[in-house]
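In the two complexes that follow, chain A is the common piece, with chain B as its partner first and chain C second.
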Partner chain A sequence: MKDTILSVTDLCVDFHLRGKTLHALRGVSLDVAEGESLAIVGESGSGKSVLNKNFIGLLDANGEITGGSIRYYGMGDKLRSTPEGGMDEEGRAYVELTRIPSRNKDWLRIRGSEICMIPQDPMTSLNPLKRIGAQISEALLLHHGMKGQMAYDETIRILEDVQIDHPQERYRQYPHELSGGQRQRIVIAIAIACQPKILICDEPTTALDVTVQAQVLSLLHQLKDKYRLTILFITHDLGVVANIADRVAVMYAGDIVEVGTSEEIFFDPRHPYTWALLSSLPQLGERGEELFTIRGTPPSLFTEITGDAFAMRNPQALMIDHRERPPYFSISPTHRARTWLLDPRAPKMERPGVLDRIKELGGKTDESKS
Partner chain B sequence: MNPNPKKEVLLQVRDLHVHFGSRRHPFEAVRGVSFDVYRGETFGIVGESGSGKTTIGRTIIRVNPAYSGSIQFHGQEITGRISRQLDREIIEKIQMIFQDPMASLNERAKIAYIVSEGLQGRGLKKEEIDARVSKALQDVGLLPEFASRFPHEFSGGQRQRIGIARALVMNPEFIIADEPISALDVSIRAQVLNLMSQLQKERGLTYLFISHDLSVMRYICDRIAVIHRGKFVEMAPTEALYRHPLHPYTRALLSAIPQPNPLVERNKVLEVYDPQAHHPEQNRAWCDIGDGHYLLGTREEILQAGQTVHGT
Partner chain C sequence: MAKYLAKRLLRSVLTLMVILSIVFVLVRQMPIDGYFPNFEKLSEEQIQNGLHQMGMDRPLIAQLLSFFGDLLHGNLGISRIYRTNVPVTEILGPKIPVSVRLGVFSLLLSMIVGLPMGTMMARHKNGLFDHIGTGFIVLIEAVPAAVYYLFIQIYGTDLLHVSMLYDASRPETMILPVVSMALGNIAYYAMWLRRYMVDESNKDYVMLARIKGCGENRIMFRHIFRNAFVPMAQYLPTSFLNTVIGSIYIESLYSIPGMGGLLVDVIKRQDNAMIQAIVLLYASVGVIGLLLGDLLMVFLDPRISFSKKGGDR
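Showing the complex of A and B:
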């Protein structure tokens, strides 16, 4: 396995809302290897965006990290002398991101130039009053000190990289003159201009059409190779996950319930929630049959959750699921899941038969094309 | 005209044009669209944003005026100037479900009012309206008590159910569903889709399902029309469309669907549709190539398409 670039251990985040406390993250642990693309899947409210906001120090003002650590290894010795810097057991220098206060200047050296985020909606994330070119060269000025002709040339090069046609003309245009797909490419261009090591994509394609979405995904593939990016991809679309991800982490109620390579998650899922999520895909349904649905709603995170968070919605939950929180069980070196079903004492539970259809998916359309 | 005489045509659209903007510089959103919707089926319109798919739906419920062409419901013309009585009848029979359940419910009105709004001013007694509202709420799997609450108290899936209840309370025959599930979470999508097909079975509803997501369409639709820049380019029964996508734009759309299978996705070849590379538009005709499969194409393309479908 490649070097770990980002290591999250037992991260807990609480939000204070009108005198109540919401436990948004309940002990999340995750390692991100350099150069991989990791997808974080979950329903809205599962905490996937909150988790990623911690990496760039943009947690909302009422949020608080109550425990755990986030170690970022990508900077080498650069921030060694600061109180956040440190050295782990293997002698690799890291930065402890949870210890940097939210308005500290050190964030400016991390946010953008080390870890960068592509926001969800390209329609609202560009400045409508500034030309495209100025918005990209602003990033070049702030992060690399480039000015004048040099910044212009670099901007044109980046625009070509994100496959914008006629970059010289686009440079002088305003965001409203571009389509949604092109705007998303501009947003990606701004992110790339900072030359980050980690690129966080927060549902970058949900606002786009299917055809444009496919193009943006293939662009991300190319950029990942060219700039040797590590990609963290937040989404709830499992089709997109299959396209982009080397590894998948499934989040539910502020916790990662299962993590594995995408083959392991799609072809050999182990957690009942992953089963349910995959079974409810309309792609697996046959016309005339009922689709599988997950009963109920996600648990309220205002209350303390005992046991397995998914137990309440799982018709086949075991007694222990309601009492005690399951630990991670390893299935392979890369695949682990938080479910009591993997305990040697647990009764044998077959996963839904519908999931076998995943292997046939897409295969059919291939035949029809030939 | 009717290729399948057994089925009753509920809605007939012929050569529909819808223009926006001034008369001198019109923007042609829909450019000559013709189709039939049979009673009890689910007819899907798929296309990218700006292709005119929503405009067709809005023209059918008379929100946008048609520029030319005809729309007949039960054999009665419903475009242009119509009698007040017919207008009322259409409001009752044709209802719409909207895309974004967060934006389509009045934030300041209680659920009881939102759902009953269509029934007001029809000379119904208050008790009867209340009874119909609680019946509609129960039909979509909500509790009648919810009538006294406000929209912000509900989750996205519940709100979409309220949107469906609002349509059902009128006892419609025909429901236009404009991207009803694209704003919902994956696990909630399945619930709403199931609800829609269950209601269709119970009440014999006819749906016009508008979406950009072909993967969902395959599950719910009986027939699908593909729209590109205001024109239908292909229309076929669902399985035929997936098995033999004939128009290059349909193929591009199909190849762009992300499949939840990492092995397939990794080796996927994207097809990109370039309208410029395609022959000029003027020689193209909307032709039936058999079995209800329609294609917009030149003479050669139609002949070739006929061989692909019927040959071998």
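Showing the complex of A and C:
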């Protein structure tokens, strides 16, 4: 396995809303390896976006990190002398991201050039009054000090990289003259111009129609190789995950309940929530039959959750699921899940038979990958 | 672009003609007593003679047509009452520059102070500067202008050692009237610019600018300011108009020989030629102001286009 570039340990984030406290992240731990593409899946409100906003220091003003750490290893010694710099047991220099105050200037050395993000909605993410070219070359100026002809040439090159037609014309156009898919490419171009090591894609395809979705995904795949990016995909679309991710982390109620390679998650899922999530894939439905749905709603994060957060919605929950929070059990060196079912004392529980059909689908997705 | 401008100008001229015609007809509906200072003592013949002299015994349409005809030759008519038998252009000629100069200076001052003030308030939202600024705005908006105008005149003249009254040969006597007139606009610009900038700062493109590594100052000045300024642009020319017209009180406080209050004065005294001329002037400034406002918006915002209706916003 390659070197870890980002390491999250027991991260807890609270939000303060009208006198109440919402526990958005409840002890998230996750290691991201350099050069991999990791998908973070989960339903709305499971904490995917909150988790990622911590990496670029853009947590909303009413949010607060109450515990845990985020170590970023990509900068080497560059921020060594700052209060947030440090050295781990193996002698690798890191930056402790949770220790940088939100308005601190050090974030300007991380945002964009180290960790960049493609926001959800390309339609509103570009400045409507600035030309496309100016918006891309601003990143070149900020991070590489490029100006004039040099910046222009580089911008055109990047526009070609994101496969925009007629780059010289696009350079002079305004965002409202472009379509949604084209704007998404421009947003990606801006991110590429920053030359980050980690690129976070926040539901990169939700705002786009299906044909454009596939194009954007394959574009991201190519750019990942060309620019040696580490990509984090935030998504609730398992189809996206199957097509592009090396590893998958499944989030539920502010926690990662299962993490493993794509094969492990799709073909050998262990957590009841992962089972339920995969069972609700529309591709698994029978014609004429109702699609599988998960009953109930996610638990309120305003209250303290005891036991397994999914127990309330799980018809086969064990007694202990309601009492005590399960620890992580390792299935393989790359695969772990937070469920009591993996405890040696637990009764043997078969996963839903319908999940075996994923293998048949799997063949298809592998074809579409190549 | 040229076609749009031509169309727009033609419409503006039409608007002016309609306004003038209405005013022209209206003032002629007033009782004729007002045209003669000593109406009671005059015989019917003298009255008819007088009306004939003023050209008012002809049909309304004929009068209107000859009015527009004269207008084309730059002849605005002759004042009969405000100043007897003096051409209107001669009366207004020296007054217009005085009022316009006052208006232009105060507008410049309010932009130079108001816009940076609004920007700084938005930049340090809920900070000390924002609170001080808000206090200033509330004070200006809440206290009747007449009160602080007087304060400025009384204490300002002491402070600057200038005379209480305007003196054309001494430009420093312009300072206090200009400042007084600017205060309201400063508060107005700062308030709205702050508000529009705070609105903008929650938009997605600001988020992307932040993600790509822009500092807060760069975001404020390079990204948000222009976006927030677009909705303000259309108010600027209109507020210039208001500044020129609305200086009645200031002009009388400092006895500035401008146009403030002139319109009310000539309406009371039923000087038709003067009324028409001043209405023409104000309406022109208004129409040109609106035109300039629209042009400024198009210039600032590429999404607003001349040719297409609506456009993609």
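Before moving on, here are some points about what is shown:
Following the convention adopted for this analysis, the second predicted complex is superposed on the first by the 361 of 370 C-alpha atoms of A that agree within 3 Å, B and C clash if a C-alpha of one lies under 4 Å from a C-alpha of the other, contacts with A are read in each partner's own complex, and residues count from 1 in each chain.
Basically, a contact is a pair of C-beta atoms (placed from the backbone, for glycine too) under 8 Å apart; a residue touches a chain by one contact, two chains touch by 3 or more.
The structure displayed is predicted, hence computed values, not measured ones.
Chain B and chain C, once both complexes are superposed via chain A, fit side by side. Look at A:Ser262: by the touch rule set out above, it reaches chain B but stays clear of chain C.
Contacts of A:Ala242 after superposition: chain B is touched, whereas chain C is not reached.
Taking chain A as the reference chain, the count of touched residues is higher for B when chain B and chain C are set side by side. Applying the stated contact rule after C-alpha superposition, one finds that A:Asn127 touches chain C and leaves chain B untouched. Shared-chain residue A:Ala191: touches chain C; no touch with chain B. Legend: residue contacts after superposition of the two complexes on their common chain; A:Leu6 is shown touching neither chain B nor chain C.
In the superposition on chain A, A:Leu281 contacts chain B only, with no contact to chain C. Of the two partner chains placed by the overlay, neither chain B nor chain C lies in contact with A:Leu342. Legend: residue contacts after superposition of the two complexes on their common chain; A:Leu22 is shown touching neither chain B nor chain C. Think of it this way: put the two complexes on top of each other by chain A, and the tightest Cα contact between chain B and chain C is 11 Å. Put simply, chain A uses no single residue to touch chain B in one complex and chain C in the other.
Note for the complex: chain A touches chain B at residues 43-44, 180, 209-215, 217-218, 236-243, 245, 262-263, 266, 276-278, 280-287, 290-294, 297, 358-359, 361-366, 368-369. Chain B contributes residues 48-49, 155-157, 185-187, 189-191, 193-194, 197, 212-216, 218-220, 238, 242-245, 251-266, 268, 270, 272-273 to its touches with chain A in the complex.
Per the touch definition, chain A reaches chain C in the complex via residues 56, 58, 103, 105, 108, 111-113, 116-117, 119, 121, 124-130, 138-139, 142-143, 174, 176, 187, 190-191, 193-194. Chain C meets chain A in the complex at residues 203-205, 207-216, 222-223, 226-227, 230, 300-303, 312.
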